[in-house]
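The same chain A turns up in both complexes below, where it pairs with chain B and then with chain C.
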Partner chain A sequence: MEVLTDNLDDFASGLWVTTRLVGAAFLVAVVLGTLVAALRVSESRPLRTLGGLYVETFRNVPLLVLLFITFPGLRRGGVDINAWTAGIVALGLYTSAYVAEVLRSGVAAVSRGQREAGLSLGFGQVAVLRRIVLPQAFRTVIGPLGSITIAMIKNSAIVGASIVALDDVLKEARVVNSATFQTTEAFFWAAVCYLLLTLTATAAFRGLEARYAIRR
Partner chain B sequence: MQPKRPIALLWLCVLVLVLGACGGDDEEQGGGGASATPAADVERFPASTTMGRIQAKKEITIGVKYDVPPFGFKNPSSNAIEGFDVDFGKAVAAKLGVKPRFVEAISDNRIPFIMDGTVDLVLSTMTINPERAEEIGFTDPYFIAKGRILQKKDGGITGVDSLAGKKVCTALGSTYEETLKEQAPDAKLTLVDTYSECLESIQNGSVDAVSTDDVILTGMIIQDDSLELVDGEELTTEPYGGGFKKGDREFGEFLNGVLDEYETGGAWAKAYEKWLGQYTGERQEPPTETLSEVLEAAA
Partner chain C sequence: MGYLLDPGNWEWVVTDNNLRFLLEAFLINLEIAVIAMALALALGLVLALGAIARPAPIRLAAKAWVDVFRNVPLILLILYLALSQPQSVREFWSDNAPGFLPDALRSEFILAGIGGLVLYNSAVLAEVFRAGILSLARGQREAAAALGLSYLQQMRHVVLPQGLRRMVPATVSQLITLNKDTTLVSIIAIQEVVRSGRVLAGTAGNPFTGSEVAAPILHVMIFVGLLFVIANYALSRLSRRLETRESRRIATVRSAPRVSEAPPA
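For the complex of A and B:
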């Protein structure tokens, strides 16, 4: 317990860094994931291929490798990117591929009749997607999106452990560990910090599910 | 219907090509050891001692750095583990008549490695200090390094006082984490796992300076001569000691005996010239302090 109380500042600042990191990365992931899902279900074959390429790229490159590409790689290429931007972008891009796949499956679960009805009522392709199909798709994928979000919160630990070296929960726990040598305690409290975030996310998604999910 | 399959195939092709290019990187641990076969004239130790246990398994596991030339590094062309620390490790193994097996021990995991028995001995540019001496046993110092600052040439840093607001890289779990927090409280620390990450970070400009032992920084300058050491007084002196399980007095005495012989017999000076002297042009005598003197000075 002293490990926590003596180093409360470290754990708190780590938790704040991780919270901002996952918050920003979540926004990136949802926005990009939705756009890519729209490409994946579009009528145009080249657009579908483009979406597929995006998903396969970011889903098949390990996050750690992606971090090395976006940070030292871009910097050496002359892009003046800082650690924060690199961390958010890499975690967001990586997660967006999963978001896109889940949304695509959600869209596939909306029956064809919905789309056809929309089209025959005079809605355009984009309007059908935005007003009829995607809202219904979102309702079916709230559960899987919650899982992805929890996975993302845990994956954020890789950002601090990599060369991007943000001072996140895991990093602060390791700093505490290197000062106190209380390995088990330091990482136990890191786990509790992550649990706080994941339980918050779980509660948020439960709330969304209770409100919007389709009951069958 | 799904455009997925051709893409997957494409990726598979890329993967196969890349794997083809990466092949043949066979792991070779230790390597190049003249001391591989147990000699007949080595002293046999009782089985109850750590030395006897090591002799029974015919192998001593030594944690070293893999990325800190000239102390411990993996030679990129031969894959052998080499360096000043590695040479001393081979001397210890030779004295026991066993094969040295080198494993990577980074600053952050080397003490847990000792405590949980993953390694018998750690020789990884580890500074002796009282906090660590609470957790593990140390040999007498086998090298004295000095804490310095590395920057890009004409980087504008003139000493530890001018680090305020600058991004400074050092290894998580190293003594510099504390030293920098004390001596440059307004510097922004970037804490990474390995010094090669610090080198990458100063090269790509995401940090302004690297601070650690002079000899490690010298290794970076050997790799990249656009870097320089900041002149001025050293931040700290860092006596390196070998680490082993706390309370194992016999093993500690044995290691100090090997070290004495290593230093007086001229092997230390030879290793110094081979790994440091020929690059820095400087000369240094083996350290004469004992462990207790070092710990008293630090307390």
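For the complex of A and C:
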């Protein structure tokens, strides 16, 4: 317990860094994931292939490798990217592939008749997707999106473990460990920090699910 | 874009032993993945059976174990095991590891690396297995019990053969995740492909192969990423192949004439 109370500042700042990292990466993942899902369900074959290529690439590449591409890789290439942007971009890109897959299956779950009815009412392709299909698809994917978010919170620890300049929860735990040599306590409290975040996310997504549940 | 496509920045691939150096390191990742997967599958099955067992203490213990290890970030687990394992354990392994293993697998930290991968993945797989077993109609087990099969016989001959088949897609996708996660052991100084890539991208070129050509880290990591994309894409294709074969098999079973539909004799 002393390890926590003596180093509360470190753990709190780590928790805040992880929270911001996860929040920003979540936005990137949802925006990119939605765009890619739209490509995946489009009428045009080249666009569908492009979306498929994107998903297969970012779902199959290790996050750690992506981080080495976005941070030291781009910097060595003369791109002036800072640790925050690199971490957010890598985590966001990685997660966006999963979001796209979940959204695609959500769109597939909306019956074809909905789309056909929209088209016959004179809506365009994009309008049908935006006003009719996606709002219904989003409901069915709240649960799976929750699991992706929880996985992302856990994956965010990889960012702090590889990019030296980002002091997230895991990084602070390592600092506390080297200062106190209380390895078990330091890592235990770090795990508790992550648990706090995943439990909050779980509760939030449960709430959303209850609120937007489709009652038939 | 010019920097990325400049042939001079790709020269390292065809220079000296660089390519072989990287591919051999990638093989280490695959070996770690296979070892960890085999152990995680076995432990996951035990945990899943524990989580649905009748005696409450076993059930609660298995569930608590699964919940703890599923909710901890894997890299935190690996780092903790590496930092907390006593000197004696480390020395025991580096002194007594069988000689046929590659150097990376005789590293004093490999037990922590594989241990973390197994603990985490067995907890995830236990949930997959539990869901697969519970998705079977209760009647299957009850019928088996009514036929006088013991618990172990029910599991071995009735429940698991049907349940495990349904879990193939989820299990393969976890295998892909595990394959990607093997790169995390680079953080505890095990010489696998990401670490080898970083060595290759060191300013002096590659000390292991004596290469003078510097490899830009961006290009090295894109190459490493490509290796994983190819390997994991092949795995996911394999899973899809299994799935379609499975659904075809089920379809043939279903389309066989049922007794009630048999023509009257």
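The definition used in the following text is that the second predicted complex is superposed on the first by the 211 of 216 C-alpha atoms of A that agree within 3 Å, B and C clash if a C-alpha of one lies under 4 Å from a C-alpha of the other, contacts with A are read in each partner's own complex, and residues count from 1 in each chain.
The rule is simple: a contact is a pair of C-beta atoms (placed from the backbone, for glycine too) under 8 Å apart; a residue touches a chain by one contact, two chains touch by 3 or more.
Computed from a predicted structure; not experimentally measured.
**Q** Which holds for A:175: it touches chain B only (first), chain C only (second), both, or neither?
**A** First partner only, chain B.
**Q** Report for A:183: first if it touches chain B alone, second if chain C alone, otherwise both or neither.
**A** Both partners, chain B and chain C.
**Q** Tell me which partner A:61 touches in the superposition: chain B (first), chain C (second), both or neither.
**A** A:61 contacts chain C only, not chain B.
**Q** In the superposed arrangement, does A:45 touch chain B (first), chain C (second), both or neither?
**A** first
**Q** Who does A:72 touch here: chain B (first), chain C (second), both, or neither?
**A** Both partners, chain B and chain C.
**Q** Under the stated touch criterion, which partner chain does A:83 make contact with: chain B (first), chain C (second), both, or neither?
**A** Touch status of A:83: first partner only.
**Q** According to the stated criteria, A:211 is in contact with first (chain B), second (chain C), both, or neither; which is it?
**A** Neither partner.
**Q** Could you say whether A:191 touches chain B, chain C, both of them, or neither, answering first, second, both or neither?
**A** The answer is second: A:191 touches chain C but not chain B.
**Q** Taking the superposition as given, does A:163 touch the first partner, chain B, the second, chain C, both, or neither?
**A** After superposing on A, A:163 lies in contact with chain B but is clear of chain C.
**Q** Chain B or chain C: which reaches more residues on chain A?
**A** Looking at chain B versus chain C, the one contacting more residues of chain A is C.
**Q** Looking at chain A, which of its residues have contacts with both chain B and chain C?
**A** Touching chain B and chain C on chain A: residues 56, 60, 72, 76, 161, 174, 177, 183.
**Q** Can you tell me which positions in chain C touch chain A when the two form their complex?
**A** Residue positions touching the partner: 3-4, 71-76, 79-80, 83-84, 176, 180-181, 183-184, 186-187, 194, 197-198, 216-218, 221-222, 224-225, 228-229, 231-233, 236.
**Q** Looking at the complex, which residues from chain A come into contact with chain C?
**A** Touch list, chain A to chain C: 56-57, 59-66, 68-69, 72-74, 76-78, 153-158, 161-162, 170, 173-174, 177, 183-184, 187, 190-191, 194-195, 198.
**Q** What residues of chain B sit close enough to touch chain A in their complex?
**A** Going through chain B, the ones touching chain A are 3-4, 7-8, 11, 107-108, 111-112, 131, 134-135, 172-173, 177-178, 190-193, 197, 200-201, 203-206.
**Q** Over in the complex, which chain A residues touch chain B? Could you list them?
**A** Against chain B, the touching part of chain A is residues 45, 48-49, 52-53, 56, 60, 71-72, 75-76, 80, 82-83, 161, 163, 165, 167, 171, 174-175, 177-179, 181, 183.
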